[in-house]
Amino acid sequence: MKKIAVYPGSFDPVTNGHIDLIKRTLGIVDELIVAVVKDSGKKPLFSVEERMAMLKEVTKDLENVRIDSFDELLVDYARKLGAKTIIRGLRAISDFEYEFQMALMNRKLSKEIETVFMMPSAKYSYLSSSMIKEVVSFGGSLCDLVPKVVEERLKEKLAKK
Amino acid sequence: MKKIAVYPGSFDPVTNGHIDLIKRTLGIVDELIVAVVKDSGKKPLFSVEERMAMLKEVTKDLENVRIDSFDELLVDYARKLGAKTIIRGLRAISDFEYEFQMALMNRKLSKEIETVFMMPSAKYSYLSSSMIKEVVSFGGSLCDLVPKVVEERLKEKLAKK
Amino acid sequence: MKKIAVYPGSFDPVTNGHIDLIKRTLGIVDELIVAVVKDSGKKPLFSVEERMAMLKEVTKDLENVRIDSFDELLVDYARKLGAKTIIRGLRAISDFEYEFQMALMNRKLSKEIETVFMMPSAKYSYLSSSMIKEVVSFGGSLCDLVPKVVEERLKEKLAKK
Amino acid sequence: MKKIAVYPGSFDPVTNGHIDLIKRTLGIVDELIVAVVKDSGKKPLFSVEERMAMLKEVTKDLENVRIDSFDELLVDYARKLGAKTIIRGLRAISDFEYEFQMALMNRKLSKEIETVFMMPSAKYSYLSSSMIKEVVSFGGSLCDLVPKVVEERLKEKLAKK
Amino acid sequence: MKKIAVYPGSFDPVTNGHIDLIKRTLGIVDELIVAVVKDSGKKPLFSVEERMAMLKEVTKDLENVRIDSFDELLVDYARKLGAKTIIRGLRAISDFEYEFQMALMNRKLSKEIETVFMMPSAKYSYLSSSMIKEVVSFGGSLCDLVPKVVEERLKEKLAKK
Amino acid sequence: MKKIAVYPGSFDPVTNGHIDLIKRTLGIVDELIVAVVKDSGKKPLFSVEERMAMLKEVTKDLENVRIDSFDELLVDYARKLGAKTIIRGLRAISDFEYEFQMALMNRKLSKEIETVFMMPSAKYSYLSSSMIKEVVSFGGSLCDLVPKVVEERLKEKLAKK
């Protein structure tokens, strides 16, 4: 049976840490759906459409990756797709506890869906979308931290502000 | 001398994890005052009166439990009640540090009042009022996580929105 | 391509927490090799053969599980088996850091092999082989914590001492 | 009903941190039994009798404290004494996880006995019996860290070596 | 060569914990610039000018300390000053991860500037500017936690509200 | 005044992570004494003399670094050298608590000596002397993890066993 997994997140915007994780995940699943959360409570910098467009652009050469978005309980969304696995990255202890609480709650809501944790490359362990936005807002350089296309959109977006 | 303890919190709304902790605490104190914090900085879903009503409903069969609210320094409130003990639940490491800082500050503010930490049942370790609200807002089922009366009020409240 | 994973450990002895993890892993891989580490530095209670025998007994009804042992670098062992994935359970923060250091070292030693972290059931989060041995040595009951066959072997072993 | 609690530990030797915790606990229980673990796996510096003698000496002016030792499952020992509460100190995160695993295991072994966590004074947060022994072995001064009688016994003991 | 260091922060307001850290740092650097972050995202209680005035007042007897503010990338600011060292205090684990991510990002942005971590006195480990504001807003006493001048300004500021 | 610092440790053997930290520290002190602890309780693989010889070899091109060993209280040793600063590396949370307890104890033993924490390069965050020994004992390759001279000595040493 085809192994389908969902990698949910805000991706506001996608970083090289996310891309690293997507590539690692492709080694263990047959198809990966990268799914932008429509309403995560936080006010995003990019719209859902912009975030999906950037994700599509940076994953266009990867087979078996699909970009989508969702606006419902994650386990309900996964069930509709036929996905049995939720992928989450763990960079640090502070991720760990929140992620475990989410995973235990999701297991409570749906017994058939399992959360699997992947570890990004150590060189991206300090990388988060919010730090990226802070650095760009002060004019710092992002080489090696986000794809070129994302750096351009970030500069456009922050120039308008 | 009668041992009185205060269990302060937002209880927005009360969960089965809170009720589990209340029951465990009754084994070590003579009277427990469950005290809703009036202004905790966060915008609550339920009013103080609604939160107290739900707490009263779900603890009505427990002896030696009283529901109250307060709007002053916790140690001043405890002193007025004749309570020498503050009860706090520890679910996870992330609780631990905040709780320790609060307990050390309270000890600084009042030497006679001691904070005591209780551990909820492992099956509630992933449970928080904010997760409950998120799950209900997406139509997820809460069986076993909150009392029936709380589930009903949550649905009413979120339907109005 | 068949997805093969290795779940290495001491299994001295196997607990219900390990079995829970094995079952969860079967949902995401095609074949799972549970591999007893021959020399882990610690003096074990059971021999490698005894540990493998107990693992075989308790997994005999599970398809796609094989029991083995190894005495070399984990990544070399995995490569020989054609396994691309190492499975590790994360119960707590203290696991987290050691496991991450191991996973990063293994990634350094072999780029093709990825470590994947699974979360056992919350009800086994406090369970470890060393606690099991301590409880049995004092005559405590192990119901629900280890399979019946393991409880018997533990009592035989500790009676001989 | 009289509230009896057990505070188990190695006390090899008792420090001012332990004494601080004993005093704080007396505010919430009617009787406290400080219980030396007979066999904790580690090779102790002082015999059980020596450790009990020091504990008796330093608590002789405290009412409602009794010194004892035990060599069985903690929950069985507590039950015999009629104690419903186990007292444990939490100094740091590293304590936290071990203590939680122990408390969850004890709850599994006996539903009626609850573990309660107390926080020592911040000024003793860095204090452990093993650090005390290390400092004394190099001739460092222990003023404020252990009672005078303990400092003397430590020097006698380490001089003989 | 003169060793210049920057100690950046919100200082909203400065506490005795900050002052303790400033004094400790003077033992390892030749000049220390305490630098108020102009825009940290959070809405401050005191203006940048008020925060700088309080810092100047409480450090007026310390040699080799200068008070400044900045509104750019921290590494760019440090470079202009000729500072090679960023000073940060670590009170607790929760500080640790955020601080490490910041330090790794700053190292990425500028290889020549090193972050150095200092530990405040244990008696200030529970102290944060936000707790200070909470205690004052409820009329609690701040003796020993902030300098007298800061306590006065806090009371003036909160009385106006 | 000349700023002298001590970097104490087992260095059994020195790794590229240690060397990275030594180089970073040279940016903030005038002289660094790398000091091998003579008796750390653990049975070492290399003798004190062998460990010092390797340290001398790998730091021979660094100015202002001196290699030494000590067998007394660290603060007494630092005082004799005229060192006011102890340097420690923090790689992970598990380091953090032990290091903080040590630093607080050292501050108790000597008020004039301050501990300063440095962060190694992220690429060495998973590196420890004990993992190095484990990898070599199984014939794994150490390229980039230890200097060439250390790899040779490790192979000689482990071949003799």
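Order of writing sets the chain letters: A, B, C, D, E and F. Residues in each chain are counted from 1.
Going forward, a contact is a pair of C-beta atoms (placed from the backbone, for glycine too) under 8 Å apart; a residue touches a chain by one contact, two chains touch by 3 or more.
Keep in mind that this is a model prediction, so the values were computed, not measured.
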Chains touching both chain C and chain E, listed by label: A, B, D, F
Chain whose average C-alpha position is farthest from chain F's own: B
Superposition rotation for chain A onto chain E, Cα-based, multiple of 5°: 120
Interface sides of chain D and chain E: same vs different residues, half threshold: same
Furthest chain, CA centroid comparison against chain E: C
Separation of chain E from chain F, taking each centre as the mean of its C-alpha atoms, in whole Å: 30
Inter-chain centre distance, chain A versus chain D - centres from mean C-alpha coordinates, in Å: 48
Inter-centroid spacing, chain F versus chain C (mean Cα positions, whole Å): 34
Contacts with 2+ other chains: residues of chain F: 93-94, 97, 100, 104, 122, 125-126
Which chain pairs touch, all of them: A-B, A-C, A-E, A-F, B-C, B-D, B-E, C-D, C-F, D-E, D-F, E-F
Touching residues on chain C, where the partner in the complex is chain D: 92-94, 125-128, 131, 135, 138-141, 144-145
Footprint of chain F on chain E - complex, ascending: 3, 24, 27-29, 84-85, 90, 93, 96-97, 100, 103-104, 114-119, 122
Chain C - residues contacting chain F, complex: 72-73, 76, 93-94, 97-98, 100-102, 104-105, 108-109
Residues on chain F engaged by chain A in the complex (per definition of touch): 93, 122-123, 125-126
